[in-house]
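These notes concern the structure reproduced below.
Order of writing sets the labels: A, B and C. Residues in every chain begin at 1.
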Amino acid sequence: MLSRRKFIQLCMSSALTLSLSDALTPVLRQAQAETRAEKPPVIWLELGSCTGNTISLDNAVNPSLRQFLDETIDLRYHWTFNAAQGEQAVAAMLETVARDAGKFWLVIEGSVMTADNGRYNEIFARNGEMITGLAALQEFAPQARYVIAVGDCACYGGPAAAHPNPGGAKGVWDVVTDKLIINIPGCPAHPDWMTGTFSHLALYGLPELDAYQRPKMFFGRTIHELCQRRQQFEDGIFAAFPGEDGCLYRVGCKGPVTHADCPLRQWNHYINWPVKAGTPCIGCASPHFPDGMMPFYNHLPDIQTPAVTVNIKKVGAAFAALGIGAVGTHLVAGICARRIHKHYLDGTKPSDPTPPETLEQVRQELDDLIRQQNALLSEAKQLERPQRKPRRRKSLLKRALSFWHTEDKDGKGK
Amino acid sequence: MTRKVIFPVTRVHEPLRVDVEIEGGRVVDAWVSSLLFRGFEPIMAGRDPRDASLFLQRICGICSTAHAIAAAMAQQEAFGVVPTPNGQLLTNLIFAADLIQNHLRHFYVLVLYDYVAGPAVPPFIPRPKGDFRLPPKTNDELSQHGVKGIEMAVRAHEMLAVFGAKAPHQQTIMASGVTEQATSERIMAYRAVLREIKHFVETVYLADVLTIAEYYKDYYDIGAGYGNLLSYGMFPQPATGRRAIGAGVVIGKNATENLDGGQITENIHYSWYRDAGETRHPGEGETQPDRDKAEAYSWIKAPRYRGLAFEGGPLARAWIDNDWRRGISVMDRIIARARETLKVCRLAEQWLAELAPGGPTLRPFEPPPQGAGVGLTDAMRGPLGHWFSYQEGKIRRYQIITPTTWNFSPRDASGKRGAAEEALIGTPVADPDSLIEVGRVVRSFDPCFTCAVHAYPAGRMR
Amino acid sequence: MKLLLHPLPVRIFHWTMVTSVVILLATGFYIHHPPLWLQWPMSLVRKLHGCFGLILAVNLAGQVYYYIATGKFTEVLLLPRDWAHMRSFLRYYLFVTEHHPNFGRYNPGQKMLFTTWGLAVTTGTVTGLGLLFPDHSVWLQKALGGLSVLRAIQYSIGIFFVTTIPLHLYLVFTEEPAKLQAMFTGFLQKEPKLPVAADTADKTGRSWESELPGVQTEER
């Protein structure tokens, strides 16, 4: 029996050394022979999606999709593969839900469209009634053994949920909150991430998940840590435009902010991946794809608001300019008012300090100037006297005017 | 007269609902509805125009490259850049790989089980009720080829990834070329896979298609439709820009005419949208989703060329290029698709030979502060257009008309059916509960509703 | 006559902070967008950034301890009681009044600056550690909205320092030039000034010492 530890090592290592299927198939057969692992019935629902994850699963090698269907899962319903159509296919699915409740796995591809009570996406008809993706998910999820979200859309909303999110797209975990959702992000998810997670579920149960509920064996490290161009990053050799040699950090590579093992694993029979092909990572496996990653060729994302798109860098530059400008203006004003001139001739503090204006300043002075206690106390009494009188609230206008009221030449206010 | 509903129509890129009215064993009326709305175009507003080609291919997982290329073409016009010769060839090679993948998958994953009884395991059971006419031996053979065909589609995506980094959703195509280098070892890798696929297409795929055509001869007469064909052309050549597969318009199987972009309009009478005017040119109008609209039955708008519904896809392209003019039917569409796969394999071989190893594949560029562009290319399943404009480095308006909106458009204000709806008329129905024949007609178009269901325009096009 | 204005620990804290912040800003903006002509090795830049970030954090911890232990935190932190100074503070800095009111050791503006710097360093440390150990800070990323947000926060902190340091320098060089040397030597050189015969001084009986709250006088 393949140990869980060995299995995870196998998943985390590049598949080139030893293919998952070579190691898995005998184990799965043995497990099935011992009836420990029955092929789990799987219902795959596609909601607001591009079918990309299905195509990606179809692209699986080691194990291939057919091997995977033969050995690991019992794919009862998936509308891209079902031979039956319409009522017949729906009946088969509903039968699985009814008969295998608590046993079947529910795989969700695509974001849940919640606008207009889910009516932006209807996925099947039952007795002539149109069922929305939202309703189907809410109905089936509590009965499923595992709910697995594949692709960024199903996990976290993905491209369809990008601002302004016209269809009200949400991730599965935003809709089904009372059940653990296993998230396999990616746009699309790598076939190994799907087959690896499914195999782990079939053989050993729940894999170790992180705070975003992703399997740690695939999403434990950032792309940046594993990248082939990491040395060029460390050496400070940067590409000025995509397609050039050097680290793509300067042209907006999101490798440092994205957890996935693309550099080790690589795509499509393990032959290539974006950074190797000279294009920056766009962070498609990130929970914050795409709004937290766009513009793809910039370091920092733009902030999308209903009115405008805010570029953090421009705002930062504006703030810095504003601050420095304000200091400059004050400097000029200080020179014009001859204050700076005075400070350099006379030192900082006024030789004849102004009397305290507020009680707080009186306290300050009390703390500071114990030796002048008596003088200060008399001063304080003077200040407090008017307050013993019934306080009349000054009007706002008066207070505003008094702000600009200048002391007389003796330094005495009011 | 009975009205029947198929929902979902499986083995298409979903979600698709078809309603048919049957009288005397034939379909007399049909409605196709798309039941997903995501709204990609308003999402694009306010974003960096450089991101369009990478972001918008997320509309569709099966024809992602087509969207990337259409967006890149629109960017080329807006930014005033042209791809390097190597860049253009690599773009074509990436697109070719995706097209080959799509056609193989369409036949071996989606269409095959309409005619061939698959293995007795889910998801191939329950099997639809209907006329599976192949003799058992041939049936088993084709069912085996189903496995091999998917393997070949996987290999085609592998070929794509050689230059496109990953698939679906390649990541290397930019306005001025491709970020991957055309090194001799990559060219070799692509060529090796291409040879294998081409051999498979020549010896297996075409043969399988012809086998099915032989046993289902009546499908040469089913699913004809209007006979209006439209193609924007695809695969521009380096330097000249001439397209390897040509553009054109055919109305009622007559002679090919030149395409005039100004004749394209969209109608929303039967679509779940609100707008002040019902018929608009793609660059105009403000539409809002309204799921409660009376009479409407689809999220797709009805695009029309000169007020007529058109179909696009491999058959339209073959007809316009004079490669296949036997007729318009279910079987013709399937055969034209297989023939096109071989044709594109040959074109790809030619482009590989034209590549200058080590030559520049990309040209650095800086987008001007404002601009507008149009990108028209045929995708795998028909004409695809991207229109956009941007100002101060932010997209103001983006508009997309996808192939499936042409093929599977609902009726327009005058009540004229869409291309697939029209093609369904007259389809014989043996068992009104199975409707396998209707499925065959629908699938011959290679519908892709993930593409079709995105659309309403954002902002106002200048 | 020498007056001790800034005791040794304060001076150490100050100059450590100066060094760290300058290096952190230089390396931080390099990490944010490395100019192609510099080609500093990123490995070194990141190590420097991490080390000085840590030094700054430890420095802040030292400051917190020092000010709590000595009870002087009221001198540097912006507290609710400072609200009362706001009016006279604004009047002075908008040139309505001519003379610097007695706010105690620092005016509310300076206190605000010091307080926000403390908060900025704390936030910077937390987000910086999150970015340094992305595999162990997934909970933090989830709480704040992803690593990109951590990046944006770090960038904002950089911008904040770039904006506020000129303000500090401006005040240092224009408002109290006499006190400038105290940050180096700790002492303020000042000749005792006899109360001027002016009516104010006479009436209140104040001397020069009233100008330097909290100052220890040391006769030499």
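Criterion: a contact is a pair of C-beta atoms (placed from the backbone, for glycine too) under 8 Å apart; a residue touches a chain by one contact, two chains touch by 3 or more.
Treat the numbers as computed from the prediction; the structure is a model and nothing was measured.
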{"item": "Topology of the chain contact graph, where touching chains are joined (line, ring, star, complete, other)", "value": "line"}
{"item": "Between A-C and A-B, the pair joined by more C-beta contacts", "value": "A-B"}
{"item": "Subunit B and subunit C, separation of their C-alpha mean positions in angstrom", "value": "63"}
{"item": "Computed distance of Cα centres, subunit C from subunit A, in Å", "value": "33"}
{"item": "Overlap residues in subunit A, where contacts from two or more other chains coincide", "value": "240"}
{"item": "Residues of subunit A that touch subunit C when the two form their complex", "value": "210-212, 220-222, 224-225, 233-238, 240, 249-250, 254, 256-259, 283, 286-288, 292-293, 299-301, 312-313, 316-317, 319-320, 322-324, 326-327, 330-331, 333-334, 337, 339-340, 343-344, 347-361, 363-365, 367-369, 371-372, 374-376, 379, 403-407, 410-411, 413"}
{"item": "Subunit C - residues contacting subunit A, complex", "value": "32-34, 36, 38-43, 45, 81-85, 87-88, 90-91, 93, 95-104, 131, 134-135, 138-139, 141-142, 145-149, 151-152, 155-156, 158-160, 162-164, 166-167, 170, 174-179, 190, 193, 196, 198-201, 204-206, 209-214"}
{"item": "Subunit A to subunit B touching residues, read off their complex", "value": "46, 48-56, 58-61, 64-66, 69-70, 74-92, 113, 115-116, 119-125, 128, 130, 158-160, 162-167, 169, 187-188, 240-243, 267-269, 271-274, 276-279, 282, 284, 290, 294-298, 302, 304, 308-309"}
{"item": "Subunit A contact footprint on subunit B (complex, rising order)", "value": "5-15, 17, 35-40, 42-43, 46-48, 50-51, 54-55, 58-62, 64, 105, 109-110, 113, 118, 121-129, 147, 150-151, 153-155, 157-158, 160-169, 171-172, 174, 177-181, 189, 289, 291, 299, 361-362, 364, 394, 433-436, 439, 448, 450, 456"}
